[in-house]
């Protein structure tokens, strides 16, 4: 299990809906922002994946919602690597509203590892090591 | 368990990402289009919920992805009421790419029933009846 | 000047913001839906552009807003080819709320014609003819 | 004419399209992020507008596109108050890709000043002063 990586962001007006809160699907965009930030933190930014010819399409996405956020709220997105399989990876996320640190959502995404051709692909050892020790 | 309601739509260019396929979070937007269509079909369109002072915020969202869709593909979204609790409801969705009817995603959303004040609210009997026999 | 092509759509919950109306940038998504529909109507759907190795990136986008739309409103998007240059094209749009046909927006987009390499490209005569007589 | 206010952001995967670049309508979301940042900088954050019972709906939006951005690119959004009328305001934006500072877009938005009832509203003197000297 990797450690939590932190990403802060502000709720954009575009992310709210006519209930006055952040639209539920936007949390998955934030999960992605968190994942990308984690990968950059541990030295495998998006650009490097392309060079390796590796993709990690989402095969499962899940979110439980506990509270809501409004326009211009400050948000903390936590992301960690929960497990790394032969050719899959699971990230976990928690989303909080600051400054009170009210938890808004817990969720996860599961990704397959594929090559340019879309076929399943075992993790190269060095990549797996970086992710496992993240 | 209600019956499947059908909604067709076209993949918008805005819904695609730089992998050339529909971005994973957009499926939750399609689930919502499917839910709203189902509710309209059974005589409780969005406008009527506002008049009743009832909201159904999402408390859980889940999607498993099996295949992908591209710009301008024709999509079939199936939605049904899976169960209705005292003050919660679960919708299930399946998303297909036409004309081959390749399944792209199965998923579900769980919603709480709340009043204007955000507090949990038992389903009025007539509303529950409409949803259960949907 | 081509004729108006009609596209109907429903306001999605995701398209609204916490002012209770459709977020201003979403109109440009609707303009795109209208353009794609027009191109399909006149026999040059998106798939055929790819086959021809031609792209039409947006170089200018403009919208004037006159009124607003709410969740689940029925919308009429009108699109026409306003002019076709040597290697550019201008589409015009009008957006209405039905059934009253209240005008919400008038706007336009200008597109360059480019090849796969991103370089400017004169319209092939048959494509120009189809667009001019649209 | 106010001074330029700076906002940096990263291109989100969700903001890209299947041409591999940022979708044109997303620039208007970035313009909004820039406006909100400017207003916070000069002491009138979004929360204060609500308390004053003032809204500034967009009545015109315009963007000219000069180059494109890709996933994970670092972006600089510049925003300034171009003019303040009796009950309207015009913001100007420029968007750059870093680190080369390639200009991607120049644009503007015009907003009406309205009260809770949607009616036009003259700027309170202190608010006008803050905006003019921004």
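Chains: A, B, C and D, in written order; residue numbering restarts at 1 for each.
Here, a residue touches a chain if its C-beta (ideal position, glycine included) is under 8 Å from a C-beta of that chain, and two chains touch if they have at least 3 such contacts.
The structure presented is a predicted model; accordingly, all values stated were derived computationally and were not measured.
One copy, chain B, sits rotated relative to the other, chain C; on C-alpha atoms the angle is 180 degrees to the nearest 5.
Chain centres were defined as the mean of their Cα atoms; on that basis the chain farthest from chain A turns out to be C. Look at where the CA atoms of chain B average out and do the same for chain C: the two points lie 28 Å apart.
Rounded to whole angstrom units, the spacing between the C-alpha centres of chain A and chain B is 23. Chain centres here are Cα means. That of chain B falls 33 Å from that of chain D. The multi-chain contact residues of chain D, meaning those touching 2 or more other chains, are 13-14, 19, 21, 25, 29, 32, 71. Residues 19, 21, 24-26, 28-29, 32, 55, 57-65, 68, 109 of chain C are the ones that touch chain D when the two sit in their complex. Chain B meets chain C in the complex at residues 10, 12-14, 29, 32-33, 36, 45-47, 71-72. By the touch criterion given at the top, residues 13-14, 16-21, 23, 25, 70-71 of chain A touch chain C in their complex.
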